[in-house]
Amino acid sequence: MAAICSLYIINKSGGLIYYKDYGSGGRMDTNDSLRVASLWHSMHAISQQLSPTTGCYGIELLEADTFDLHCFQSLTGTKFFVVCEPGTQQMESLLKVIYELYTDYVLKNPFYEMEMPIRCELFDINLSQVVQKDRVVLLGR
Amino acid sequence: MAPPGPRSGDAIFASVERVNAELFTLTYGATVRQLLTDLEEVEEVNKQLDQMGYNIGIRLIDEFLAKSNVSRCIDFKETADVIAKVGFKMFLGINATVTNWDADGTCCNIILEDNPLADFVELPDTCQGLYYCNILSGVIRGALEMVSMKTEVTWLRDVLRGDDAYELQVKLLKQVPEEYPYKDDE
Amino acid sequence: MIGVGKIKQYSNVLDKPLSKGKQEVSLSAFAFLFSELVQYNQTQVDNIAELERRLEDAGYAVGARVLELLCHREKGNRRETRLLGILSFVHSTVWKVLFGKVADSLEKGTEHEDEYMISEKELLVNRFISIPKDMGTFNCGAFVAGIVRGVLEGAGFPAVVTAHFVPVEGQQRPRTTILIKFAEEVLIFPPSLVTVLLWI
Amino acid sequence: MQFFGGSEISPSPPTPTVSGNNAHMMYVFNRNGVCLLYREWNRPLHTLNAQQDHKLMFGLLFSLKSLTAKMDPTSAERGNLGVPQLPGQGCSFHSFRTNTYKLSFMESPSGIKIILITHPKTGDLRESLKYIYNLYVEYVMKNPLYTPGTPIRSDLFNTTLDQYVRSIA
């Protein structure tokens, strides 16, 4: 079982803008990945509504029987979440690194239109250096 | 362990890749010249520069948040303060001070100690009325909007128009809370 | 061309020294500005050739100013008059000031006498830029090509300068080559000869 | 999604007992989405009225279960999103954490769902929820006066539950 199963990036209105499958349990077809993204977006919002105290920013970690889901939401509303083996470490720092790759190779690309699906070659190349096959290579960035 | 507090502007500026300010200044000069050729009307150029700044601000804010470890942007006073102090240093390597807050903390002035946009620049008289550095006001407006703060940013003082310093005013118009996006029959 | 942003020949604030060029901004600041410059120009054109030309024009204006700035600062106002001199001036001095390093390589074209190539594994302006497939061979390095042309023509070496991606095996990313094609009069009447004639 | 049982009245929230523990509140739902029990110990914030709150919580659980079943990387056939799962069918989640709270969740094969909301740093409460489920079986199911599918009104259950929760969270 690969350490990392898949990575999703969602824009602030819940649209899936990036999905990468690391070849563990069968790739999700595009419709399903879109549905997963928008469902997660609403779950994330609902979880804030149910908070017993103020200042809740939504689900950060979901623990299921066969996987963990770590989610980072930027203050601008973009969500990055990764599905991995239960108990995998360093996912928070991985998501932070991916967030920085996003600010470099997506937001600084003049040919990227905000909130649209990400098709930036440099983002893929740099991401593949951080997540080789399914192992996380957290080199000091 | 408690999340590390916001990093100082100097610390970030020292850790990021930097370029000679002249490349930045001359590229900005070329941008303004292009606008003056395309648009002719100085007022149009001011608007276009502000719009271009806005387009930059809505992208640049994420880098600011990622690198500055700012964890929450709730209070306008705190946010404007950290963006001015950390943001200008982190991106332009210059110090900015935030002064005369109004009573309810919704309006402040930002004074720039230096301005790399405007080195070697001298406005010919054909450009009266041009706010040469208007891209900066757009950047602040765009960045703040991305953290749910609608603002109005205007120039109070501009060296290129004869003042002794660069000073912006940032006024909070509305804080747009993220409304709960789902009707209750979810 | 409206002369805004022209180099300060005189400055009423006489005590303000011309900067030694030591000040820095973050690469991100330049990258976001350049990205916006490209996006703005995209709205002004309807094909890629035009986009390349507009970026090149923007670069040309920068190049002309860089030459003035550097001649004053680096070479004590002595103008470069030899072809190889101006090429190495661009390859090292200009590149160091603008991009913080000497260009990776400077080569003479093999097929044509009047062609030279300055190549860079990762051109600074292209650092964060991914070109969509449907834009073919478009290269934002046209801006740098414009800078080079601005410097060369300012120094009396008119040329056509273009930017090209050149694939490098074993590398996912192609390098960028700035191709300089000098006008023939440069080869027949090099500026050194021209300046001599003017004095007679 | 119509999954509510007939009963409109949901248990009115008991006066929150002051308890030193960092457990906030607890829900028990049956398979039809009826809120059998809502215990509150420490909840400074109420964004919704009780009925909406319970409805939203059940909706969240329902959707999260179908999401996790869909995302299960180990099983090839995934069913599709939103289709109700049989209790215990497919991969389910046992907790999620936000910056302000941790939600621990357990579902019995009979569809009884127990949800405990505690401090974000709380550890694994799966065993504790099983224990609470046993309390439910002992004090509720075995109580002849209780009719299944209706809110739980047993004080003995409540006090035992309070004591137990205070000891674990």
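Just so it is clear, A, B, C and D label the chains in written order, and each chain counts residues from 1 on its own.
Note that in this section a residue touches a chain if its C-beta (ideal position, glycine included) is under 8 Å from a C-beta of that chain, and two chains touch if they have at least 3 such contacts.
It should be emphasised that the depicted structure is a prediction, and the values quoted were computed from it without experimental measurement.
Relative to the centroid of every protein C-alpha atom shown, the closest chain centre, again from C-alpha atoms, is found for A. By count of C-beta pairs in contact, B-C exceeds the other of the chain pairs B-C and A-C.
Separating the CA-averaged centres of chain C and chain D is a span of 66 Å.
Per-chain CA centroids place chain B at a distance of 29 Å from chain C.
Computed centre separation for the pair chain A/chain C is 40 angstrom, with centres defined by C-alpha atoms. A straight line joining the Cα centres of chain B and chain D is 47 Å long. Within chain C, the positions touching two or more other chains are listed as 28, 32, 34-36, 39. Of all residues in chain A, those touching 2 or more other chains are 42, 46, 48-49, 55, 104, 108, listed in ascending order. Annotation for chain D: residues touching 2 or more other chains are 48, 56, 59.
The residues of chain A lying in touch with chain B in their complex are 14, 42, 45-46, 48-49, 55, 74-78, 96, 99-100, 102-104, 107-108, 114. Taken together, the chain C residues at the contact with chain B in this complex read 1-8, 11, 18-19, 21, 23-30, 32-37, 39-41, 44, 54, 57-59, 61-62, 65-66, 69, 97-100, 124, 143. On the side of chain D, the complex with chain A involves touching residues 24-25, 42-45, 47-48, 53, 56-57, 59-60, 63-64, 66-68, 70-76, 78, 80-81, 91-101, 103, 117. Residue ranges on chain A touching chain C, taken from their complex, read 104-105, 108-112, 119-123, 125. The touching residues of chain B, when paired with chain C in their complex, are 13, 16-24, 26-38, 48, 52, 55-56, 59-60, 63, 90-93, 116, 119-124, 126-127, 130, 132, 135.
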